[in-house]
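Each of the next two complexes has subunit A plus one more chain, namely subunit B in the first and subunit C in the second.
Right, the complex of A and B next:
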């Protein structure tokens, strides 16, 4: 399969009064056509910065993309003109934001918010855009008679459906869903995830799901990229990463979650904290928290290397299992 | 009314019977907690699970008398505290404490770590306000206990990460040497690697001090890990109570079944047949006796409307409220 989106050596910094935050430090990522990719990591790993870079929503002067390429077909998004970006953003690449409460405009009806996107990108007459908006609503499981309602008249789960309808309104080739169900209750999350999986089957939109929930990755995604302190530490097919876990951080993450299907008496936390993004450590960014680290880990910054069929890991000690 | 399961009443630190907390709304009373009965044994953890709006936090706060109960009894160490006046309540606060969900908003941003931990000690008159040495020594002890490095003693909350802030919340709750702590989603705002640190800490402290916890959470895997007993709530009512083993192996209530099957499992080889519920939880305003789950229940029968399901002990220690299990 062809790569529909390819990120190469992406470096993003934020310049604050207190110093320079190194948000992304040379990230590589490939999204194949029709694939669902999970992007996981904890708070501050750089997940949302990555998504915003693809949408080119990193705002200067604080935010700076210092290096890298984001190839979307023939276009390098980082070099695209403002006009080109307008035709890409929300149209060919669209995004679902985490918090449906704040992603919607409270004073515009939901139908109008969907129709607006369609009018903007597809130059359809108003009436046809509205009809398409109603169709999108029913696609996400909301009856058309609610199109005239305002966001506050919907529950959290329904609002997130509206946000998804907006994101899918122009049949994007790439969909980025940033923690799409984090704000929702678990039975509502199950509804929304099922709907997303159904829509995926129909439209085959290549999707990046950003999440901190490894359960969602295991159940929804084909491949996974694990971010730690602004770097990819492990990536590959979901089965390889979950079953032949190679990076000590990924091993730690999987060990730290309480297992619903297993009995265990003690959790295995990762000791310590994520490094200060203003002063990342020398050598491997994880070595201070790593159970396997030795002196060389504090000196040498490891490169991402392939250890199996498209399974890569940024750790010299990791072996293919 | 059911007693607290197969437990011996003498062993229970907390025994709650028919507890109700209603809030007045223009549409009628919102029955946030409606006829809830259970008990917690000394030194054990009761996990309370349910989705937003099920009444779990209201239950915890009503037990602590942060809300006035609308009805029912709360026996704490044999005393009915539901009728305590202000003066007796203040004394009771040394024995019952709470850890809040959000360590970002539950701490005063203008108080240092030391001030935050010392506040209950001074308020309860354990130390005089000017007894700097005594207070500093106790604060230091508490910081050691919760694994908060002493160098943070003069830090402000905004200088600390979520895990460390939650350690302050725990130190504060422990400062008065309570017997009972309501833990209201204490790890929900934390990343998983930090969440595991805090859960282990809470288990260690429980072992060390014989603490009794009521652990409120929406996270089924956390509740399974930490609880001796689990109580599932839906729209103000308890739908099921059981030991984690039997609840997870054989959930009885249709809501519990759906809740468990909805959890995405972090193993690509484990595929669970999902029971996707229709609809969403609504507010229990002006409810009749009918089962609160009828609108979403896959096993709905007309009998569900006529009467409230009584809580039944289907197996020893496993209680369910659903007409399906009426003999």
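Right, the complex of A and C next:
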């Protein structure tokens, strides 16, 4: 299958009063046509920055994309004109935001918030755009008669459905879902995921699901990219990454999931915190928290290398274990 | 709200006028009047009655829509004020319009270009303008634009078109400049609040052009605090109109107050206070209605809840 989206060596920094935050340090990522890819990592790993870079929503002067390419088909998003960008955003690439409570404009009806994106990208008369918006609403399981209501009249799960309807309104080729269920409670999470899986089956949109929930990855994704401190530390097909886990960080992540069939009384967290993004450590960025680290890990920064069928890892010890 | 505000305002002014020195009878009849004539005049005006009785009588008449007769020329105060109210409104409205038309775009640009040189310069100018006393600004404007350049008349209200508009320019600038600066500063902070909201990112992620993002998605949210400031400061604007009208001899209610005070024309002063207070509460009512129009969350507070979160 062809790559629909390819990110090469993406470097993003944020310039604050306290110093330079290195959010992404040379990230590579490939998304194939029709694929669902899970982007995993803890808070601050750079997941949302990656998503916003693809939409070119990193806002200057604080945020800067220093290097890299984001190839969407033939177009490099980082070099595209503003006009091209406007026709890509919301139309060919769209994004589901993390927190549905704050992603919807409180003073505009939900119907209008959906119809607006349709009017912008498809040359439809406004009546037809509105009708299509109503159809989108019922696609995500909201009755069309609520189109005239405002966001505050909806529950959290319903709002996320509206956000999803906005993202899918123009049949995008790439969908980036930034923690689509993190802000929702568990039962609603299941509903929203189920709905997304169903829509995915129908439209076959290539999707990046950003999450820190490995359960979602196992359930929804074909391949997975693990991000740590602004770097890809492991990537590959879900089956390989879960069964032949290579990077100590991924091992830690999987080990941190409580297992219901074992009589465990304690959680197994990865000890320590992510390194300060203003002053990343020498060598491997994970060595301070790694159980397998030795002196060489503190000195040499490891490169990403392939250890199996499109399974790659950023750890020199990965094979010997 | 109107009723308590009116009672408070009139009572205050009534008390002040009651204890203020000066005898209206003497002012009316002139310095040479005899003691008997003065006494008769005081009786006729009802000044010899007790304070409570006079205030009660005033309020009773007020409820009937009668503001009494002016000490100065014996004409009904209601008519005198109504004849000038229009002029004050023209000036107030044109001042507000000027302030809005200048203040809001300046605030938006400042917010969007936050910390740029443009932003810093603009914010310095607005601070300067806010701190400027009205009378000083008025005099500067007169010196520059009517004495030196001769573009606009220094005082008075001309009739007809375009004379009326030309004579409106300097008073409008005097009244509106400080207000425009205030609106610009409020708009800036209000827009800065909204810019960082996630729904603005979402609006951009939809591929909407920047113009739509700003005017549709930002401004509808940012306008609420701006309108609050406009409403609250309308009173200040009316106060400013007293000064502005006096300086530019603008025949409005503001100048009428000043003239009436120098004559100790209690009925006229009270009438003006009542009129301005009603105007102020009306504006606040309009502001409240605008809230509901702008923010559906406020509107639904007034309705019976639909039973959602």
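Here is the rule we use: the second predicted complex is superposed on the first by the 314 of 321 C-alpha atoms of A that agree within 3 Å, B and C clash if a C-alpha of one lies under 4 Å from a C-alpha of the other, contacts with A are read in each partner's own complex, and residues count from 1 in each chain.
Heads up, the rule we're going with is that a contact is a pair of C-beta atoms (placed from the backbone, for glycine too) under 8 Å apart; a residue touches a chain by one contact, two chains touch by 3 or more.
Keep in mind it's a predicted model, so treat the numbers as computed, not measured.
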Simultaneous placement of subunit C and subunit B on subunit A, clash or fit: fit
Contacts of A:144 with subunit B and subunit C, given as first, second, both or neither: neither
Which superposed partner A:155 touches (first subunit B, second subunit C, both, neither): both
Subunit B versus subunit C as contact partner of A:104, first or second or both or neither: second
Partner chain in contact with A:89 - subunit B first, subunit C second, else both or neither: second
Which superposed partner A:117 touches (first subunit B, second subunit C, both, neither): second
Touching partner for A:190 - first (subunit B), second (subunit C), both, neither: first
Included angle at subunit A between vectors to subunit C and subunit B, based on C-alpha centres and rounded to the nearest 10 degrees: 80
Partner touching more residues of subunit A, whether subunit B or subunit C: B
Which of subunit B and subunit C A:213 touches, first, second, both or neither: first
Least C-alpha distance (whole Å) that remains between subunit C and subunit B when both complexes are overlaid: 8
Overlapping contact positions on subunit A, where the subunit C interface meets the subunit B interface: 155
Interfacial residue positions of subunit A with respect to subunit C in the complex: 52, 55, 57, 85-91, 94-95, 97-99, 102-109, 116-117, 120-121, 150, 152-156, 163, 166
Residues on subunit B engaged by subunit A in the complex (per definition of touch): 51-52, 161-163, 191-197, 199-200, 203, 218, 220-222, 224-225, 248, 258-271, 274, 276-277, 280-281
Complex contact set, residues of subunit C against subunit A: 197-199, 201-209, 216-217, 220-221, 294-297, 300, 306, 308-309
Residues on subunit A engaged by subunit B in the complex (per definition of touch): 42-43, 155, 157-158, 185-191, 193-194, 212-220, 238-239, 242-243, 252-261, 264, 266-271, 273
